[in-house]
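Heads up, the next two complexes both have chain A, just with different partners, chain B and then chain C.
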Partner chain A sequence: MLQTKQKPRAKPVVGWKLAPRRESHAIWYVFLLPTIVGILLFTLYPLIESLRLSFTRGVGEQYVGFQNYANVLLSDTFWYAVYNTFYITFFQLLLAIPFGFLIACLINSLRRTSNFFKILFYIPNTTSMVAAATVFLAILHPDGPLNYVVELLGFERVVWLSQPLSAKWGAIILSVWHWLGFVIIVTLANLQAIPGEYYEAASMDGASRIQQWIWITIPNMVGSLTILFVLGWIGGLQRFSDAYMLGGLQGSPARSLHTVVGFIFERGFGGSEYGIASAAAYILFIFILIFTFLSTKLLRMKI
Partner chain B sequence: MLRSKDREKLMNAGIFVLLALLGGVAIYPFLWMISVSLEQNANVALPFPPRIIPEEFTFFHYTLVFENNRLLLAYWNSLIIAFFSVILSISSALLGGYAFSRGTFWGKRFLFFMVLATMMIPFETTLIPMFTMFNDFGMINTFYPLILPSIVNALGIILAKQYFDQLPEGLRESAKMDGAGEFLTFFAIFLPLTGPITATLAILSFQGSWNSFIWPLVVINDQMLKTVPLFLSSFSSENGSRLFGVTMATASMSILPILIVFLFLQKYIVRSVALSGLKGE
Partner chain C sequence: MFKLKSRSLSLILMLMMVVILSACASSDTTSNSGASATDTAPSSESNSSSETDASSEFSGTLKVQLIGSFSLDDKTDPVTGVTSKGVHVLKEEFEKRYPGVTVEFVLMGWDNYNEKTQTMLQSNAADVYQLPGIATFAEQGLLEPLQPFIEEDSFDLDVYLNGQIDGWRAMGPEDEQPEIYGLPFIGDARVLVYDKKLFDDWGVEYLSEEPTMEEILEKAKKMTGTNPETGEQNYGITFKGSDAADSVMNINESLGGQWGTGFLWKDMQVEFDTPTMIQAAEMMVEANQYAPEGTLVNQGSEDFFTEDNNVAINLRVPPGFINSLETFGTQDRYQATLLFENTDKGMGGMFAGSPFAIGESSTNHELAWEWLKFSSSDFFQKYMWEERRTESMPVIKAAKDWESVKAIPQMDVILKQMGQLWAPRYPYRAGQPRYILSENIELILLGEITPEEGLTSAQEEAEKWLSSQQ
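Presenting the complex of A and B:
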């Protein structure tokens, strides 16, 4: 829909052919110089160097072939970190995407105060994860507000950060709370881009609000819900701050909050095992590529 | 007719109340944080049951925070880093976005692809070589590693390119007729028009710099050079599950600048987030 609107906008092609074309094109490389230097120095070089390091071991950087990769892939600690990362991210997305979408629909149906709610729900996402986690360390405290709610509902108090399962759920609650505003903003932008004529036509045909929601809103949302899913996985696989703040360097209790990036961080900077850490970093990279690839495939299929 | 209008109104009121309740839950952790930071006995134990209005009100925890100069120092450090990161990332994004929008040069598509590709590379993959590289430069425990990498700003370039694409080509033609080169055209004609996109880029970059954690954690060990998140992290891990009053006062002070920036410029943030979330479509 949007695309058909944009197409007819003619570009003044004629005018620009008249402009003097004598000038050297080299000037554009000067414009791009900061970016090119930056990419070479801070992306490309580290990427290659990381690959090289992943095949070496020790201070002497002795070549060891795929041994680091084998070590990482055979390590229970690593797979437990992968499991934790996937577990927390899976439930984060499962809760935040549908819930955020529903809230966005409610906000969208309001006429006047929608901007106020948009801002209100987005505030948690603007704050640093470290600050958010500091507050949640207290919220998850045995005497904290969460346990107050748990008691109100008639359950026993939970010492959230002392048991592996409840600690993970503590991290999930924190990350859902922190990410929800992002989901709301993105879905709200998409909701507002759905042409109003669709709904007018449907209500003329006698469709109820719920029917309109199921047959017009949801099909039009598939794109941005998929985007959120992709961005959510990419961000989720890279999670570190939340788990580190709640569980420390080792992801306590019992490594239940140890994540993939936590593994890289611990081995790289705790143990100075650059080779192992680089191999794990490349494995993370491959995970992310697979997820990005799969979800862009899904996107093409649906749109 | 009137009845269906009334029903509509009632439903709107219902949705408003529901959203207000949900919004209250979303914002509750902050309200509670402020409440605990103002509570008299919060350094001894958490107030239970939790309340929003402190029972015995005090500013004592905030005075403690300010008497301890380390937080002010962390503020100063974070501000310096954010300032230079913002300048650097805006400059490279505007220059690059303009070149990709208006330029014709060899390798343009390839370079644009390179820029896009940097967005797909997780920062963690480059973490260790970045550390060893800055270590070789002798820049560990300086602000350089926290400032210089912000020169790579793929999202900024994309947003800037989109913005420049919308500006009329006629501007450039007339500047050319008057004999202006590309640089003069950019600085004299286009740059003054970039207000909204510059604001967006500045906020995104400020937010990223102010909130970043893992990279500062790697390159800064010096107490005097700690940024706000580093200070907050070490403060809350040192004090574990006590001194809630001071911890919450520190946390609320750490959030304050970003909150002020957000509330004043939320229009731009909301738009840029929506753009970055929808860019794949």
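Presenting the complex of A and C:
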């Protein structure tokens, strides 16, 4: 009796469930349509067009095969731009990640004023890089505040942006200052997610604060530090605004602040060599792809 | 039933997508294809002409693109507190002169102006364009040649200061020599400015009206050190580091050299490693010794034009400095002189400014030409001089007689400099040779290579790049 009642109900229930589910899917596509069209027009189309341009040269878009790729890869200026990009990014990460992690640990141990310090350190990251770099032009001025501190510490003042090496370090200082807040917020979130029971158990076993930090905190932070490392490299390889603001179109002095994206910008918009610029953009894309792949493999990271 | 609805909806969405994409593709094809643009232009033009002939008057909307700090409405400068009139003044005057015509402005900043202009020219977003990078667009066949308009109207090009027309000559895809594609409306130049007070403090004779680089270096050297009157550190000279390669080229020309020959990449020969170029680079190295430490990156001379200045001579100053003098009340302290003149040819300095040009894609060429003529009028030029002085100098000879021009002592030198600039603009600056030369000049000024090494390297690299453009 019960079975006979259930069977006739089963079909309409199945049919009733299927119909609205299909309908809702169709409706969702309508809502997604503007985004899909936007992606097709402003992401996919430029990508394909840029790929096509990378095989052409000149105003007439004459087909030249892989000549542009060869020209870029044989260009000393390009490889110097790659060197500058890697140099600045390497030291940015080397300084910002450990410092940010340490500051996050200190903030995490505070009981009352932690919010104040979180905001204080995060403010630079909310500032646009162009505005931050404009301020740093004054900070890095020969008579600026950084040289005041340098002289207070007993060192000779540095004309930061006038020499290739010090100009690179000027860009590193700016990028560390700008990125530190992001590192602090990410690591702080991870620190607060570590269960307190670990520390309680360790302290009951007699572990000191330093031992707890080394054997509990650091192993639990590997995931965050890895993602910061990968994001930092991707962002670093795309570096442009800070170097452009400090060194201009050519990354002066003597191209010491010329980055890979700066190379693309100069050839594309400074000389209307869209083919060369497009080829360089695809080479940069391959760099980022390889670098991200290696990073995730080496660090055994799951994305 | 639902299946039908779902299919119908999917079909509608697909159709919408196809329509949107095909619309983009078709407009793109038209704009990207030089041939199709050329093919359609005459019919549009003939339509426009026939309308003009039929009504014997102009009508319709004229779109004018302007780059810089232009605004339609009046606005007040936050530093000086002076209110300047917006470009509505030009719109009202033009519409009064041509009843039935409406002027619309497309105003944009200097950021990425070349890319924006390129897009606008390809999509017929305006009729008249402000085009400081005119050669790039003429080469692509995106601009209307102006010689036929000039001849048809018997337009007198002699109203402009010497060289202002030649400075903007460019080459279209079919041209065999530089032709007129733009008429100047914003004048610009670089002049040499010096601080008379520092000259007095050091007991050094003021610069002559047409100083040579030797004279400049000799006097700059004398004024580098501790000021005998004030006891402050003084520097003899400063220059814009990012323009150092242009300074070297200007000095080279004053010494009798030339940048090279040709206009299009395929015909171009550069002369970066000649004896006069090496001599000019050596002079810039010496000048760098008398300059503040940060000069190469445009630092160290921020107080120039103020009462606190500590630099005697500024090598490259745009004419807008007269506004700074007015702001700081130091008009009597600073004097301008001509920059790097080649006395044999009576020329000196790099050509600069902005011209107006007509987009080839415009369907309103005749009216656009009327705007270009309007831009040479006293009304237009006086508006630019009185209201947009921060970014504009007059380009017409008549300006010399304006009372407001005569009232500023430095204007005499500025207008004289503008009338003797090397023209056309250095074509090598439109691509890699410009950056190659700049990089090597910076290396020379940093002391990392000698002038001979740097300029030989610049020559080789530029030749290599030029050969790749064949």
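Everything below uses one rule, namely that the second predicted complex is superposed on the first by the 273 of 303 C-alpha atoms of A that agree within 3 Å, B and C clash if a C-alpha of one lies under 4 Å from a C-alpha of the other, contacts with A are read in each partner's own complex, and residues count from 1 in each chain.
The rule is simple: contacts are C-beta pairs under 8 Å (C-beta built on N, C-alpha and C of every residue); 3 or more make two chains touch, one makes a residue touch a chain.
Remember, it's a predicted structure, so these values are computed and weren't measured experimentally.
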Overlay on chain A: chain C relative to chain B, clash or fit: clash
First, second, both or neither for A:Ala201, with chain B first and chain C second: neither
First (chain B), second (chain C), both or neither touched by A:Val230: first
Touching partner for A:Tyr29 - first (chain B), second (chain C), both, neither: both
First (chain B), second (chain C), both or neither touched by A:Pro46: first
First (chain B), second (chain C), both or neither touched by A:Tyr122: first
Partner chain(s) touched by A:Leu180 [first = chain B, second = chain C, both, neither]: first
Partner chain(s) touched by A:Leu294 [first = chain B, second = chain C, both, neither]: neither
Partner, of chain C and chain B, that touches more residues belonging to chain A: B
Which of chain B and chain C A:Gly271 touches, first, second, both or neither: second
Partner chain in contact with A:Gly248 - chain B first, chain C second, else both or neither: both
Colliding stretch - chain B into chain C, listed as 9-17, 27-35, 63-71 or 189-197: 63-71
Interface residues of chain A shared between complexes with chain B and chain C: 19, 23, 26, 29-30, 36-37, 45, 141, 248, 269
Touch list for chain A against partner chain B, complex: 11-12, 15-16, 18-20, 23, 25-32, 34-39, 42-43, 45-47, 49-50, 53, 103, 106-107, 109-111, 113, 117-124, 126-132, 134-139, 141, 143-145, 148, 177, 180-182, 185-186, 188-190, 223-224, 227-228, 230-231, 234, 237-238, 240-241, 244-245, 248, 261, 264-265, 268-269, 274, 277-278, 281-282, 284-285, 288-289, 292, 296, 299, 303
Contact set on chain B toward chain A in their complex: 12, 15-16, 18-19, 22-23, 26-30, 32-33, 36, 45-46, 48-50, 88, 91-92, 95-96, 98-99, 103-106, 108, 111, 114-115, 118, 120-133, 148-149, 151-153, 157, 169-170, 172-173, 176, 181-183, 186, 207, 210-211, 213-214, 218, 228-229, 232-233, 236-237, 241, 244, 247-248, 250-251, 254-255, 258-259, 262-263, 266, 269-270, 273-275, 277-278, 280-281
Residues of chain C touching chain A in the complex: 2-3, 5-6, 9-10, 13, 16-17, 20-21, 24, 34, 112, 114-115, 136, 139-140, 173, 241-242, 292-294, 296-297, 299-300, 430-432, 434-435, 438-439, 442-443, 446, 448, 468-469
Sites on chain A touched by chain C in the complex: 19, 22-23, 26, 29-30, 33, 36-37, 40-41, 45, 58-60, 71, 77, 141-142, 159, 161-164, 167, 247-250, 252-255, 266-267, 269-273
